[in-house]
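Each chain gets a letter, A, B, C and D, in the order it is written, and its residues are counted from 1.
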Amino acid sequence: MEAGKQAINKRTGKKFEEGEAVTAEEMFWCASCRPCADGYPNHCEKLQELGFSCDGAFAEYVKVDSRYIWSLEELKRVYKGDDLFLAGSVVEPTSVAYNAVIERGGGIRPGDNAVILGGGPIGLAAVAIMKKAGASNVILSEPSEPRAKLGKLMGADHIINPLKENFTERVLDITGGLGAKLYLEATGLPDKVWADIEQSIWEGKMINSTVVIVARSDKKIPVTGEVFQVRRASIVGSQGHSGHGTFPRVISSMASGMDMTPLITKKVTLDKVPENIVLLRTDRTECKITCEFK
Amino acid sequence: MEAGKQAINKRTGKKFEEGEAVTAEEMFWCASCRPCADGYPNHCEKLQELGFSCDGAFAEYVKVDSRYIWSLEELKRVYKGDDLFLAGSVVEPTSVAYNAVIERGGGIRPGDNAVILGGGPIGLAAVAIMKKAGASNVILSEPSEPRAKLGKLMGADHIINPLKENFTERVLDITGGLGAKLYLEATGLPDKVWADIEQSIWEGKMINSTVVIVARSDKKIPVTGEVFQVRRASIVGSQGHSGHGTFPRVISSMASGMDMTPLITKKVTLDKVPENIVLLRTDRTECKITCEFK
Amino acid sequence: MEAGKQAINKRTGKKFEEGEAVTAEEMFWCASCRPCADGYPNHCEKLQELGFSCDGAFAEYVKVDSRYIWSLEELKRVYKGDDLFLAGSVVEPTSVAYNAVIERGGGIRPGDNAVILGGGPIGLAAVAIMKKAGASNVILSEPSEPRAKLGKLMGADHIINPLKENFTERVLDITGGLGAKLYLEATGLPDKVWADIEQSIWEGKMINSTVVIVARSDKKIPVTGEVFQVRRASIVGSQGHSGHGTFPRVISSMASGMDMTPLITKKVTLDKVPENIVLLRTDRTECKITCEFK
Amino acid sequence: MEAGKQAINKRTGKKFEEGEAVTAEEMFWCASCRPCADGYPNHCEKLQELGFSCDGAFAEYVKVDSRYIWSLEELKRVYKGDDLFLAGSVVEPTSVAYNAVIERGGGIRPGDNAVILGGGPIGLAAVAIMKKAGASNVILSEPSEPRAKLGKLMGADHIINPLKENFTERVLDITGGLGAKLYLEATGLPDKVWADIEQSIWEGKMINSTVVIVARSDKKIPVTGEVFQVRRASIVGSQGHSGHGTFPRVISSMASGMDMTPLITKKVTLDKVPENIVLLRTDRTECKITCEFK
């Protein structure tokens, strides 16, 4: 990494030291609009996105304002050589999940139960975060066999196959009739899974459950207001990974035992990137594919 | 009021003094089940309700455990004679609204905007509470003329007739393009008003809006997850009036300028109660009818 | 006001319109350090301050990044001509108080009591904010007669002269034995007033009180841990006025009835500024002196 | 256990099943006073305490209202035979620590650092809870060798001997210059350790730190307001173990990997209780002594 003369390292509050290992947010928030000034950069009105609205990181070098840069130095305790940067490459998706379950979902208290619906990269990252946060039971609902296996690897205590099992029965059975404090909708099929979520909240003894919607979908969600009234429950939407101290806490979590690298199921060289982007649209076997530079 | 020997007055922490004016919660929470022990009496698993599961208050005397009794002494500063008990009779519906907008909705900060949908007793009480809480604009959406007038009396800065006006246009016009921090669904027709709420959140510049559902309905609400993701918004359900210091704060609010008595549009004697209960099922002119004992 | 070509108006999310009336934060936060990136600009590690570390506003023109600019257009509803800018000149001190009692102190619920210790500009602004937020009783403790009068004008329900009256007795008497939810230390003499605050918390029935320290002092505060344990109370420190949507909410509050202009007790021309700055060091009669440009 | 006919098991919401293993809160809150009605039983105005104001549990049988009873059934997954009740005997002190760091301290986010000052039963329990909650580094400050060893066993990542090492230097070194999100004062010597806490907050880059006072002491704490202003920090007092869902979450945490039984350093029979109570007043080698019934 080459740092500009005025670039400040948030880790030290000073200039970057030579050889500092870093990662970058992918959202370039403007730091001037109303949401940014109020402390909500994920909702920047002038947002630029690396790889979308400006040139991306599939290149040997990329120029990023130091505002979006976070040090990976802490990870050197656990990851050596290239593994450091592999670990660094999953900080961003992990931060999307962290923003969803911790910042927006309000987290859990140690001993609470959490249910993650959908074993894509965000759902799987959420599994590890909920386990790290002290969940008594982290339950992953995911029909795909390889994703379910990955879920186990990320720390899920229980897997539900919602196509073969009764979701509510399993959730209540595992949690001794309580249900979960936090449900993460990470399937992108909210209309399909919503009845299950509501039934678990309705039949479980737990009040104050929060349902976090993190996956994007244009489907209407058929919400039963009464469930959220009687069970004192809430629904929150989540987007983004910036702000709220999320990136540095994800990095510190990874430096203290939360291993996210199993999310990377494949490593490719730069010239193989295009075909692998196409692949990910349909292939549910791979989870995250990281591009390596030798 | 006649107090039992062991009955403790929460106002003083001691025995009741002679002549203490009081009101009662209508929900008899058990104080022993999991939600009660955790501090959420509105969700008591063994709930008894005055006038529903146990004999009600349409009687000269009613016996209520001191646990549910709150002193009205503070109101003597503002209300004299019978007016004291008229004021006392609206503490309960006001507490339902207070629990919805303050406890469950998280309140507002001074200078925020609030939109109340539906001008029944709960919606109208919420108008007064939001004004007391420092809302810059309290907007009531209500098609009925007499209810709208009552809304003005309770402190609404603006009335929208959703049958004749474009809800979102009016909300954005009044709030300078911001929209509201808090929306209260108090119509009981969530399926009908939801699109309006979402459009205001979507088009307004305000992020972090909360929609509180307080009216009961068995209709499914067609929620667009993306609106709540992009605008960082939330939905919470609300029920009940107990716990969280709500009753005493409502009473203190009423003792310091929040006049809820306009909610009482009619006073009847005990023998007229049955016909007036029937009347309220259809009559949208009356708001709250209070039974007086001479 | 003349706006740069890229300057964005947070009110509209677009370029500034001609003639837009504005005010500015006085703290130039960097938007890049760890506290800024996390959403806490009041704690910026690279802070520049207008009039301190960079040239100030005692000049006909001053150049400020649009990041720190907030529109006063909303105030045109209430203030005309020069009064608009007089009102604008008190947005900053009001925001310091708002940050203290609302953002850091967590605000109050309608019907709660608040005690403000010290009737300087910040304490007096806090009086108005607590009243706007629905306090049942706002109590100002202030020995100076002119400041006490000003307190009444800003909305204080009760004044305590701590040199002549027993603070705790008065607080408990006014609040019916409860005490306050929020105490603001705005005297700069925390060692002198602390025993009074603790005694009120200890003897009052209210639990969950918060003491906010906003005035600067290098005196040690003799805290009795047990008071904060037994009464479930908290102490928070507060500094700054930036972030958290504070400026725009103060402006909206002022546009809807919270009149802060009585804080301005004197208006001077630019050439009289130096002598008046000297004057304010000792004169407890004047509160805020605003410099006018004709 | 023998259950009364009307006793409700909070685990099921129904009558107790035969052979249900349970533990009890030690605080008998009245469920009727203002703090209890508001949801804060730890601050009950009519509190009775088992073993203090009413006959205690050093007996073969003790009668306790079902309101204060929590099921240990979940622990059968991990503890067998007598070990189940040994585990049950540490639920209460663990709940005191949990109430302090989670309920009053607001918990931490995964990846945050925590410093526990004092390795008595509460401090040691807090070590385990902070580790369970995902702390990146849990640091225990404790001069006694056997207590420090026990701290390691409970999950402390680092031990500071404050009599031999520079507290602040060690904290900053371990946390990469950040300092901690949460400091727990569990020594009972707040006047002695306070300067260290403040220096760590002042010199660390972390803002928003919370200091929780859980140990009782009648010493004045010399608080520097400026530290809490500049670092956006807070102080909260904590007492008790009841309410807020604490007991059941402690039990669920213990059922999912948080082993608190190392806290029990000695088991005695009923007749040895008196001499061991005397012993604990001076002996810093033993931590928790549990009385066993054969």
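Convention: contacts are C-beta pairs under 8 Å (C-beta built on N, C-alpha and C of every residue); 3 or more make two chains touch, one makes a residue touch a chain.
This is a predicted model, so every value here is computed, not measured.
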Same-residue or different-residue interface between chain B and chain C, half as cut-off: same
Chain A onto chain B, rotation angle from CA fit, given as a multiple of 5 degrees: 180
Pair joined by the larger number of C-beta contacts - A-D, C-D: C-D
Intercentroid distance (Cα basis), chain D paired with chain C, Å: 38
Separation of chain A from chain D, taking each centre as the mean of its C-alpha atoms, in whole Å: 31
Shared-contact residues (touching 2 or more other chains) in chain B: 11, 13, 34, 38, 40, 45, 205, 245, 248
Footprint of chain A on chain B - complex, ascending: 34-35, 38, 40, 42-43, 45, 104, 185, 190, 205, 207-208, 213-214, 216-239
Sites on chain C touched by chain B in the complex: 11-13, 73-74, 98, 102, 107, 109-113, 129, 132-137, 157, 176-177, 205, 245, 248-253, 255-256, 258
Touching residues on chain C, where the partner in the complex is chain A: 8, 10-11, 13, 30-34, 36-41, 45-46, 65-67, 242-245, 248
